[in-house]
Amino acid sequence: MSGNSFGRNFVVTTFGESHGPALGGIVDGCPPGLELSAADLQQDLDRRKPGQSRHTTQRRESDRVEILSGVFEGRTTGTPIGLLIHNEDQRSHDYSEIAERYRPGHADYSYEQKYGVRDYRGGGRSSARETAIRVAAGAIAKKYLAERLGIRIRGHLSQLGPWRPRGFDWEQVEHNPFFWPCAETVPELETYMDALRKSGDSIGAAVTVVASGVPTGLGEPIFDRLDADIAHALMSINAVKGVEIGAGFACVEQKGTEHRDPMTPEGFLSNNAGGILGGISTGQDIVARIALKPTSSIRLPGRSIDRHGAAVEVVTKGRHDPCVGIRATPIAEAMLALVLMDHTLRHRGQNAEVVPPIPAIPAEPRP
Amino acid sequence: MSGNSFGRNFVVTTFGESHGPALGGIVDGCPPGLELSAADLQQDLDRRKPGQSRHTTQRRESDRVEILSGVFEGRTTGTPIGLLIHNEDQRSHDYSEIAERYRPGHADYSYEQKYGVRDYRGGGRSSARETAIRVAAGAIAKKYLAERLGIRIRGHLSQLGPWRPRGFDWEQVEHNPFFWPCAETVPELETYMDALRKSGDSIGAAVTVVASGVPTGLGEPIFDRLDADIAHALMSINAVKGVEIGAGFACVEQKGTEHRDPMTPEGFLSNNAGGILGGISTGQDIVARIALKPTSSIRLPGRSIDRHGAAVEVVTKGRHDPCVGIRATPIAEAMLALVLMDHTLRHRGQNAEVVPPIPAIPAEPRP
Amino acid sequence: MSGNSFGRNFVVTTFGESHGPALGGIVDGCPPGLELSAADLQQDLDRRKPGQSRHTTQRRESDRVEILSGVFEGRTTGTPIGLLIHNEDQRSHDYSEIAERYRPGHADYSYEQKYGVRDYRGGGRSSARETAIRVAAGAIAKKYLAERLGIRIRGHLSQLGPWRPRGFDWEQVEHNPFFWPCAETVPELETYMDALRKSGDSIGAAVTVVASGVPTGLGEPIFDRLDADIAHALMSINAVKGVEIGAGFACVEQKGTEHRDPMTPEGFLSNNAGGILGGISTGQDIVARIALKPTSSIRLPGRSIDRHGAAVEVVTKGRHDPCVGIRATPIAEAMLALVLMDHTLRHRGQNAEVVPPIPAIPAEPRP
Amino acid sequence: MSGNSFGRNFVVTTFGESHGPALGGIVDGCPPGLELSAADLQQDLDRRKPGQSRHTTQRRESDRVEILSGVFEGRTTGTPIGLLIHNEDQRSHDYSEIAERYRPGHADYSYEQKYGVRDYRGGGRSSARETAIRVAAGAIAKKYLAERLGIRIRGHLSQLGPWRPRGFDWEQVEHNPFFWPCAETVPELETYMDALRKSGDSIGAAVTVVASGVPTGLGEPIFDRLDADIAHALMSINAVKGVEIGAGFACVEQKGTEHRDPMTPEGFLSNNAGGILGGISTGQDIVARIALKPTSSIRLPGRSIDRHGAAVEVVTKGRHDPCVGIRATPIAEAMLALVLMDHTLRHRGQNAEVVPPIPAIPAEPRP
């Protein structure tokens, strides 16, 4: 496999299956001297963890993370940080059906084709449960970026099926079970999700993540552009089918005079670029948006085949998220944090002596 | 910078500026025994090169590529392939204005902030001229994938500003200056582009790339998923602001029953997945779509600042593409080819012994 | 730090400090289908673990390893293998002295200069305790190489201070506490080591590792030559100050007619090359030898400085190996196994179609 | 192959065969603002180039390097530096014999086994001619290290067959054709080499390289230790069979009291460590020594086989170095420079905020 690491100078590697004994990971390259304890990681883990409301899977996991190395007397030492989360609620039920059949829209078939074998319990390695460690690792990056560089990373659900927010307020995001930035529309979402859950179907969603206070100069053209690495990071999240930066797909119908962001001595006047030009951060907010597909794990029967190629009907039992996008906000924030952290270390190494020859343009505020 | 390489086992590294003496690159990891000559690369280079119609930049470059190593007696030897393209039409005009001012929407500002210096002639390293070497390298990958694995990679313009094709025919794509799959609408595009060019403005576009005949099993979860690497590759192309796989952003409004692709003994019945499940290829066509912003290099004046932070008005002179999306089709094909080539070598190394335990499901045809 | 991973396609990443709660690691890229259990790893861990004789440190660690992921129903699945070993015998004594003083010849000073902080308990990350995870990971590689490719990796102590074996017998290596290939000289070593231990001093050693049954073609010139990667791997072991391949430093005084290994239809007639030509394996035994310095952790006082730069005298208390080379044999075997495993996957990916055009020359037997 | 890159943050990639049209390379990650011209590279290229005395190969190459990118108005821009050297003296003689036979001690056999094909002209990719680009790239690193960090990298021949210098003077090294630090013994070497050349045989050698003025803190444990990366770099040079750091193999017979380097407020009192402890630089001189085998390309007949496995006698014609170690000094310097440059960028990224809490110990002078 050998694809379980992310980053070059700040490297995160993860392991673990949905129904194995534990998930874990290693964060390699964290600068020394950062105050760090498991509590710093737990906050985001709790935002991601299942069972927080009736709108997500009812699997019960405390997702309590242990730091096994790399921290001494409350501060990072520069050595690798070992992370461990024990799985607690792996129900041992009968897997004989799922072992023999491929759920349509799932990784069952592709894993078996690739490896000739698969851990079918709860999706094994392909389960989004793996993202818990990403969130823990991302929390370390977030803390460093915030404390040392003043970078703030936030996210919110920006669409749930046909629903879009009618207003925008960052304050609301953490006060409802959807990471939704518009208090007014929350009841409508609640009603919609309740009906959806009853129907047995699932729905897609979009999540937006924003990094504020990013310095200019992050990103390594040509291939390791900041936007290319963000696309890589976000598309690696389970269920993501699309990534946009700034104006994103809307730029297809824009003219040059509309799209380009005017610069003034007081700062940029718009942010179609999403904070990145030529693959390098400009100091404006970095804005990315992802599309998450509706989960394929639904109770409604679907056509499929079994391991012998025969036609079968598949119904997914067990506990699943009717909208995986809801819990994706902290994961997307974590991945954006990992990219910015990695690029901060890379940029600083090569350009330690660069004294910006011009005053940085203050970025205009933008949600 | 250190971001000028792409791939892990099939590695492409490029160098060169828009107005320097030459562009070049190294393809490292090509299997031995592939018949190869410069002519194999020239075909795609000619599809990308400027000045092919009145709708692209009028810079005249023959883009003739030399193979300097790695090929012996007409076949690759397994050693690195050195590629070189001399720049021919670098007009030496007066750059004093662009040297002092940042073009809005351009990488001028971000490069200078990052490096403290920039080669302002024609955009230097940030110019899309760099993609010529990607196309040359991609042609090697395309040839290998076609000859050894039967994989075919094609692309087309799928939207130009507000225009979408009304029909679809792969045959038409190479018979008009837009890579447009619908003969009927070509005259409308011609008229639109002529008017746009006269107005001095530019327009965005979307390009779709498709790989057919891809075997199952390519892609390395978790972070090096096939879709994540495709997103990385495509977002690294100049002007790209969004990447979609399969249904892409449309999945946000889909239900699980709509999105998941049913499987039958005869194959998949739809392809919302875009040929990838769990980050691993399923054997269906791989389908990706990108959004390209309108070029910022336009004759119409824009607000900006100079190197001293003072407000200025900027007008871009010189020769530029009014729609950079038009020439992007061969570039996107090349990047998709590089990803598939890299993952073929990675997969084959780890899974040489895997005998697929079930018959591969034949993918249904899809444009 | 970001230097805690080894390999490209078969990647091992480790974490953990000498006196932290646990050591751990992730093996990423193991092919699927390999039968594997913790018992397979324990064998080599037991060969390395401390306290096996009076000639090594008396720290008591059972070094029991847990496999936390990547194995399902007794076979590897192709997903990352999580490994964990709890530390058991971290004596909590007073570290105030070592916290303030740098032991001469130790990493105390360099870690503090690099990171501005160090976990001084038992050497923290710089302790050779970290190699336990290497041995566990190497055992996986060894098993795969043996079962699938018929490669056998063995090692022995080839010099202990002034002592060299007077005879050679692989059978003897596992029947004495020194991995010594000559039964006759074992009593002399015992006497020597007993006297050394009493004196409070330590001694250097050399270890030789040999891989037999290696196929031709492993190694990726120019920089990732097989010998270069072996040198990297072996020099990364604590206390190693030199690495030789084949004839090694003896080649300095050899003539071309002596050094080059004649080839015959029956095989090579000698092995000065150590099984590698041009960075690629030839099918002969791969032979490497390393020099290990005497440990600096000795009871005899040495001159040093404290954290404030003042002159001090340092005496190392605690439990230490008087000859770290003795326990290095399984570590060196593990590192050689990791290199061969990684190169097997890399080679196989690129050269899957290469059918050797000539019969492989059978390698002559050589210890 | 995919092994033609070296470094992680300062990455050098090379291409080219002995008898192809050109050699080339890309240096990716050079910090911006460094004054640089081809002349800066030519100096070391001239030290390495063939035909400088009667004691090296008589192939005539001017080895004139072109910089094709990455430098603007005399300074590096942070973008990749493209390098090109045209081959000039590829004699086109009859290769039919070498095409069918494997020279003993050469890479002919291993390349053919690996790739199923080889460019046999002059050794193709396995020729040491490839090192010209390493020397050019290393010169960039050397210049940066010298100008920005005050690091000086030098090398000398430390043994030629049975001959060792009887005195030591850095001043002498550049004043004889051997990079020999002892004027008194040069005439003996001349006589020895003349006789050797006449005999048709070749001889091994050792080269020592030293870096002075290295700051503390370079090196990334565990696997990317500074010494491990130096071993990798030096062992990747053609013909190298052994690498030592500091005391090297002599440490095998040292006691702990002898080997450990005492520290005092005025600095270290010896340098058995070779400037590296725990894989991290200590501020002392970094000292490494390599063993180079005698070239196998000799006129004296040797036993071998042809491509069909039949026994043949091989005599190497053409122009060859009777002692490849002589020209290896600038190559070893270049590789050491590349390692230090790469680690400088890595260290600086992670530890930008570390203020060394203690005064650096001044390293004592040492050749």
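Each chain carries a letter (A, B, C and D) given by its place in the written order, and its residues are counted from 1.
Keep this in mind: a residue touches a chain if its C-beta (ideal position, glycine included) is under 8 Å from a C-beta of that chain, and two chains touch if they have at least 3 such contacts.
If you're wondering where the values come from, they're calculated on a predicted model, not measured in any experiment.
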item	value
Interface sides of chain A and chain B: same vs different residues, half threshold	same
Of C-D and A-C, pair with higher C-beta contact tally	C-D
Far-end chain from chain A, centres as C-alpha averages	D
Centroid spacing, where centroids are CA-atom means, of chain A and chain D in whole angstrom	45
Mean-CA-position distance for chain D and chain C (Å)	26
For chain A paired with chain C, centre-to-centre distance based on mean C-alpha positions, whole Å	38
Junction residues of chain B, two or more chains touched	1-5, 8-9, 14, 29, 32-33, 78-79, 114-116, 125, 221, 345-347, 350-351, 354
Residues of chain A touching chain B in the complex	1-6, 14, 102, 104-107, 109-116, 125-126, 130, 159, 161-162, 201-206, 216-225, 227-236, 240-265, 269, 272-274, 276-283, 291-298, 300, 302-305, 307-311, 346-347, 350-351, 354-361
Of chain C, residues touching chain A in the complex	1-5, 8-11, 13-17, 20-26, 28-30, 32-33, 66, 68-70, 72, 75, 77-82, 84, 114-119, 124-125, 345
Chain C contact footprint on chain B (complex, rising order)	8-9, 29, 31-33, 78-79, 148, 221, 344-354
